[in-house]
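In this document, chain identifiers A, B, C, D, E, F, G and H correspond to the written order of the chains, with residue numbering beginning at 1 in each.
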Amino acid sequence: MTAEAIANLLRQVRQGRVGVDEALERLRDMPYENVGFARIDHHRPLRQGLPEVIFGRGKTSEQVEELVRRMLRHGHNILVTRADATMFERVRKLDRRAKFYPASGAIAIRRENKIRGQGLVLVVTAGTTDIPVAEEALVTAEVMGNRVESLYDVGVAGLHRLLGESEALKRARVVIVAAGMEGALPSVVGGLVAAPVIAVPTSVGYGASFRGLAALLGMMNSCAPNVAVVNIDNGFGAGYLASVINRL
Amino acid sequence: MTAEAIANLLRQVRQGRVGVDEALERLRDMPYENVGFARIDHHRPLRQGLPEVIFGRGKTSEQVEELVRRMLRHGHNILVTRADATMFERVRKLDRRAKFYPASGAIAIRRENKIRGQGLVLVVTAGTTDIPVAEEALVTAEVMGNRVESLYDVGVAGLHRLLGESEALKRARVVIVAAGMEGALPSVVGGLVAAPVIAVPTSVGYGASFRGLAALLGMMNSCAPNVAVVNIDNGFGAGYLASVINRL
Amino acid sequence: MTAEAIANLLRQVRQGRVGVDEALERLRDMPYENVGFARIDHHRPLRQGLPEVIFGRGKTSEQVEELVRRMLRHGHNILVTRADATMFERVRKLDRRAKFYPASGAIAIRRENKIRGQGLVLVVTAGTTDIPVAEEALVTAEVMGNRVESLYDVGVAGLHRLLGESEALKRARVVIVAAGMEGALPSVVGGLVAAPVIAVPTSVGYGASFRGLAALLGMMNSCAPNVAVVNIDNGFGAGYLASVINRL
Amino acid sequence: MTAEAIANLLRQVRQGRVGVDEALERLRDMPYENVGFARIDHHRPLRQGLPEVIFGRGKTSEQVEELVRRMLRHGHNILVTRADATMFERVRKLDRRAKFYPASGAIAIRRENKIRGQGLVLVVTAGTTDIPVAEEALVTAEVMGNRVESLYDVGVAGLHRLLGESEALKRARVVIVAAGMEGALPSVVGGLVAAPVIAVPTSVGYGASFRGLAALLGMMNSCAPNVAVVNIDNGFGAGYLASVINRL
Amino acid sequence: MTAEAIANLLRQVRQGRVGVDEALERLRDMPYENVGFARIDHHRPLRQGLPEVIFGRGKTSEQVEELVRRMLRHGHNILVTRADATMFERVRKLDRRAKFYPASGAIAIRRENKIRGQGLVLVVTAGTTDIPVAEEALVTAEVMGNRVESLYDVGVAGLHRLLGESEALKRARVVIVAAGMEGALPSVVGGLVAAPVIAVPTSVGYGASFRGLAALLGMMNSCAPNVAVVNIDNGFGAGYLASVINRL
Amino acid sequence: MTAEAIANLLRQVRQGRVGVDEALERLRDMPYENVGFARIDHHRPLRQGLPEVIFGRGKTSEQVEELVRRMLRHGHNILVTRADATMFERVRKLDRRAKFYPASGAIAIRRENKIRGQGLVLVVTAGTTDIPVAEEALVTAEVMGNRVESLYDVGVAGLHRLLGESEALKRARVVIVAAGMEGALPSVVGGLVAAPVIAVPTSVGYGASFRGLAALLGMMNSCAPNVAVVNIDNGFGAGYLASVINRL
Amino acid sequence: MTAEAIANLLRQVRQGRVGVDEALERLRDMPYENVGFARIDHHRPLRQGLPEVIFGRGKTSEQVEELVRRMLRHGHNILVTRADATMFERVRKLDRRAKFYPASGAIAIRRENKIRGQGLVLVVTAGTTDIPVAEEALVTAEVMGNRVESLYDVGVAGLHRLLGESEALKRARVVIVAAGMEGALPSVVGGLVAAPVIAVPTSVGYGASFRGLAALLGMMNSCAPNVAVVNIDNGFGAGYLASVINRL
Amino acid sequence: MTAEAIANLLRQVRQGRVGVDEALERLRDMPYENVGFARIDHHRPLRQGLPEVIFGRGKTSEQVEELVRRMLRHGHNILVTRADATMFERVRKLDRRAKFYPASGAIAIRRENKIRGQGLVLVVTAGTTDIPVAEEALVTAEVMGNRVESLYDVGVAGLHRLLGESEALKRARVVIVAAGMEGALPSVVGGLVAAPVIAVPTSVGYGASFRGLAALLGMMNSCAPNVAVVNIDNGFGAGYLASVINRL
């Protein structure tokens, strides 16, 4: 709830155009819709043309369906992350434009295709097995109105693969780097580009990777200062933040 | 075994009304019933009108059934936590009043409905996926004789959802807050209410949530001093402690 | 900022007694005082008769002095935790009633002695070396208007020491238990009393105590359900929460 | 290979009763039997009347069968731990005396029943769900020739259950205590008895028990000095060490 | 790249064999200067008007002095982080414009004051003790040519302190949030602004904060998707990345 | 580097426009083949007679098949690690020489059998359950052209089993030691041989082995200075590095 | 408090020889002496001829002096562990027989020299730097009436050093093994002897030894089943438990 | 003790040239010298021309002096690691050739300069602050008879610094890479060279580097298969192992 909104409401109360009880009511109800098991935040999409987003894991298919149904009343793009095939079945019945990305479990309903980002978002992975996380980032950034390109399997132990793509790296306005195991790629990319780099540790690896902890710690300690980190496997967060930056 | 009880017994021995061997026997046998694989503690329920409680996980269905059967000889409410459908089948055959809560796996047999708590216990969650843990807290507090209300999906990244419910927060005598991921909600709630806040970290999240460790550490470090923490996913403990406090 | 306070302010705007800009100003400035390096929250003390509290560690002596000076403009008790002798020198010059507790580093300025707690707060320690943490809890609870007693060095490996004090345990309305090493005492105390137990893990121990982590984990896993846990060495938090509960 | 054995062999070489090559051969082959995928150590059983032991988990049923077959050529008791029903099927075909303990997965073939331990080994658990681990300890100690008794579900939050069994505690020459969650029971038992206490943390619990880590750390930090700890869920090790001590 | 190479190029320019623009071009592609114990990267500053940066900790005062001396041959701003008073003494002798920030240990030599950032960088802290980290971020962002404002001590347990500053939050193009303990502030700020949020966990706290680990994990699990995280206490990285984003 | 480029070069050699040596030179500098989801590095095999390697886990069967198909265009040995039976089905259809090792999940296609290693690579395990990891090391070293022997189940608690094999230990030019649980074997072997020892911690064990962490830490702290460590269960890495050393 | 003692007291009450209040009083006061900051447990020494023990670290010199003064009223040996020179000064003034062991910080006052242990306690270390921990074990076992020998610097990377001492190993009835770094020695010793082995991880090492954690985990996972573990650096506990076992 | 040595001795016993007791004596005393607090292993140096090595930390200056004195009786090079200036004073008095390296704390006494390594050992660091660890590796490798070169401050965020030195990388027969923070350099170097790479994580860094843990985990998960890892800051181990490999 912003100070501006409060000031505006106060003015209306002052002018007698809004009663005290109603004002209080508005203050309470304006920003979200209470569905019982969830409170849908229509606030940000309304203001900023962002998509409505549902984190699918841990929710029942019924809950996901109900949330999508209510979101469809507004005109925004809709994104469900970490969904499964059953959820997709239900969502597709609500809107035939729904598209499923099985590697990442993303469901996207694109209802507008306006490009809002200023430049290119580049999604880079260290290995082939990091692609599901990269896909989540890629779909998120696309649904939020960005031009997106990808560069897969350019990990640091075969540096020539990365150096061979320096063109693409130079073109990007924001770079997302997904890497598991030792998570060294963001540091190297960070040293090659002037753009901000969003590092996504992935749970790819085994043994002392401790499900992404090694990559996470590696990225936190990056010696490249233009790197910041999101949660392990959090392709969505990386794609979202890249979009926020790309709109600046 | 309290000092009073010992004093009492000593007096009876002194007066010759109880023999030494018998006294020793009583001292040994009074408080619990030995079922071989378990020792049922009828002590607390007898004294304080608390329910008899079984932690279902790790026990066989036969063990749960046997324990419930013996508890039914007394008149108290019975609560089985972390049970499964098979256990519920057996328990329902023993007492038709048994009710199953599948989200949390709780089985409740309510045999008395006396309200013993002084005020309202409010159960709050950060997200939809925290609801199973909240349900365990809620059922526990109800079975122990409290008025309980809930407030779901009011996490800190959409603060207006929480601020819109300040009425409910103010009404509560004890607040339970279940949150996974960063576990920040108890600090915020703790700053908004004067009541004691029992924080329950949940294993909701992925990656660096490390199955609730991130939420647990967050809550332990809460900058709100009216917050204390129970184990990850321990809805039962939160509901129990809230009841103990609400009876004061 | 409560809904009631907003409603009240709105009413005054409606009646023309408060202008819109002024209302906005009030909404912004009411609850705290901006000192540049800190924002003093006079909110809670004003409303609830709580003391004003400063966490000393990490602040300069100058900062502590300045904060106490401003707090002295109001009539509440003042508590500085984790202070050192130098800070105490400065504070004593501001108010001669200031008292220093060197074991815990607490400074207390008692300006009122009203008993607000309903019953007895009992502070228990497992060993002698846990006393500094217990002292912080004890001073906090006293400054907040509670009757407080202590029971030191009654750890579980010599159970008779604890059982010999069951009288004191029975009298308490809220029990605080500070223990390092294996942190087992809260479970045992929790089984002996009907009161809520606030467990404080301490960093006492060596080796695999990992500066209190062993005690913390032990307490989180307590098999006594009337136990909740605060941060390692957080005597202040335990004393504060005990006071909040004891006022119910 | 002991110094005595070498001295003995040297003497025979000196006297010309054993050739150099043969001596070298013996030095190499004496203590174990090479089965390719394993080297069976007949050394200890031969010398000390100990059972032959196989750790079943991670081995194939074929491997377990082959190892048991070879061990049956000697006259000792045989113990397979962490076995499954399929392994038991194969073992029972080799020797009808084989007995399966499903809770712990132990298979025991008792071919001699000599009591070798001097006193009573007592196996104690904090809860019902710790029984599988206790059973492994109990079977191990029995197969190794000890009188064993058990005391289940006497955890510290209901101290009267433990105190009511002080007779049994006093009778024991060695005590094994299995406990999960906070792992506090060994400290309490250690304070009540003069005997050595072998603590077995179990993976019983959830959340911040971190699969037995909390119990392990708790036991490592025990304030009772007559307590030592074996691995999480290591009932076998506890039973074995108790036997070694009980033979002294 | 040796000093000889630079000398060589300068000679060629002198002789008219290489043009100034071409020389500049080459200088841009020449990667570093080898000082034996270090390789100074003049690359980025030349190309992007960034400052030259030295991480002081772990270097000797002699090394810092030598590096600054070489950097002074170019015209850029110079920043030394984690320096001490002795280092500052030496640096001030090299250039009188050097300024020391004792809270964070930063030394800044401002030789140009061009504003290169598009908007406002806002530095927010949860508490007073987070200020040293915030100061490092602030100095870094200033030296890199940004307008910077700060907002200190607005932690989540006193939410009104933060909500009272929503004006400032709205004005920022990039927000840096430094918080220790539970590290909850970035999630709350992330929910209030549309701008990208760079979260800096600080080592402020004690006990279960584990020197910033709790805050780090909390921030990694932030439920606000416009948040990314840098290393514990890494004010420099936050200020640097904020500058990179603010130049877009 | 596309297949077209290679074809192009071959054409030029055919036409006599490029000499064989020069072609080989160019092939050495051409870095990789982009297959979309992966970039195959033909670089090393071409230069060094190394096999082409695919890490199977996390890849689809289709991806593995496609990668093998492309690799078969060259004449090198091919190794797929962490594969499953389905992958093997597909690979065998491409080349009948493919052989599957079910314990480790390795698939090997041997197309040349040149011995390139100077001496013997010895693979040692502490127990029977470490054999799958050892097998991966063994297959890798064989495919890379080494003579390999193995020594299984010679763990430190039965030292005579190891000492009885000192012949084999002496013969080895490089020793690989795979051990789980306490991971002590590399230290002991390191003390017995003059050769370099590559230690592979395995996830064998339970409880406080924490899936190989205990063994990993043990090996990192080895008091034998001729020991270095690779990732938990990383038989491939051990076999590969042993081959690299054995070629020196 | 034993069942026997209660029975005895009850009998006296029954016979009218002890009043009820007095009995209650005795039950409360018998086993310990309350010194305010500590409760001295004279219980065990009285019954079992054990020494009275003070853990010095974290106590003030005054507290240690006071505790020793009270203990001197009884005739037992006295042991202060983790003491410093100042504490020793005070203790020596109380009793000239006090002896200080600076490596471990132990103070021993031997007032009786009766040998109570049945056999030899052998204290073994992996390296020279483990000697302080070994010394604490050694002093403890001596003060408790055992014959003790030591074997220092026989770590596993030079196995011949250990094998050369097999005589000494064979003679021991109980073996204590102190080792830091990888903590492998107890497994090796456990395989060489039939006696119980008490393993003491030490904080000796650096880097990935994590102050003894690596050694602790290694010992917990020992493949020798006659090994149990005490806390890191806990020489006292090892010496105490060895004494308890050696008295059997 | 090798099988050959035993066979040899047996033969002498057989021939009557060595008595049984004497043989036993030899078996016991041959390989090391017992100094009481330590057992010097002259075994390896005698056989292999290796230096005699003392780990200084945790030893007293007297102990270091005594060990060096005894080692000087043989003709080998002597290396003391982690020593301080006081130790050096004493050592220099014993032999004027002693040289001190203050950055790493190494003391070297070179009494022979024979080159035993086949090729070049290259020591690489990511940053300037890694140099002390690199120095320890360098001195160790030199004392063991290798040609050594170094390449400092070529971390991955400024890749051109490393690529500019590919000549040196190609020349090396064994590469040691010391890196703190994210520890990514070994993966990159491993991809550029065909030689074996020994990775040394350093404790350089702060915050989430957790004293080298991040670098250690990163290196364990290296995607370059020619990399193995030694303990954090273990320059000695890296230098030693490099020498062992370089002699092959």
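Keep in mind that, in the parts below, a residue touches a chain if its C-beta (ideal position, glycine included) is under 8 Å from a C-beta of that chain, and two chains touch if they have at least 3 such contacts.
None of the values given here were measured: they were computed from a predicted structure.
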Item to check | Set of chains adjacent to chain F and to chain H | outcome: A, D, G
Checklist outcome for this item: CA centroids of chain B and chain C: separation to the nearest Å works out as 25
Checklist entry - Any idea how many Å lie between the Cα centroids of chain D and chain H? => result 41
Checklist entry - In angstrom, rounded to a whole number, how far apart do the mean CA points of chain B and chain F lie? => result 53
Checklist outcome for this item: Cα centroid separation, chain B vs chain D, in Å, comes to 37
Checklist outcome for this item: Going by residue number, chain G touches two or more other chains at 3, 27-28, 127, 158-159, 207-209, 213, 216, 220-222, 231-232
Item to check | Every chain pair in contact, whichever chains are involved | outcome: A-B, A-C, A-E, A-F, A-H, B-C, B-D, B-E, B-G, C-D, C-E, C-G, D-F, D-G, D-H, E-H, F-G, F-H, G-H
Item to check | Of chain D, residues touching chain C in the complex | outcome: 126-127, 155-159, 180-184, 187-188, 190-192, 205, 207-210, 213-215, 217-224
Checklist entry - Where on chain G is chain H touching in the complex? => result 127-129, 131, 152-154, 158-161, 163-165, 204, 206-209
Next on the checklist: If we count contacts the way the header does, which residues on chain H are in touch with chain G in the complex?
Outcome noted: 1, 27-32, 36-39, 41, 43, 55, 57-59, 63, 201, 203, 211-213, 216, 231-234
Item to check | Residues of chain G defined as touching chain D within the complex | outcome: 2-4, 44, 47-48, 53, 118-119, 166-167, 170, 173, 194-196, 198, 216, 220-222, 225-232, 236-237, 240-241, 244-245, 248
Checklist entry - Can you list the chain A residues touching chain C in their complex? => result 3, 6-7, 10-11, 13-14, 16, 19-20, 23-24, 27-28
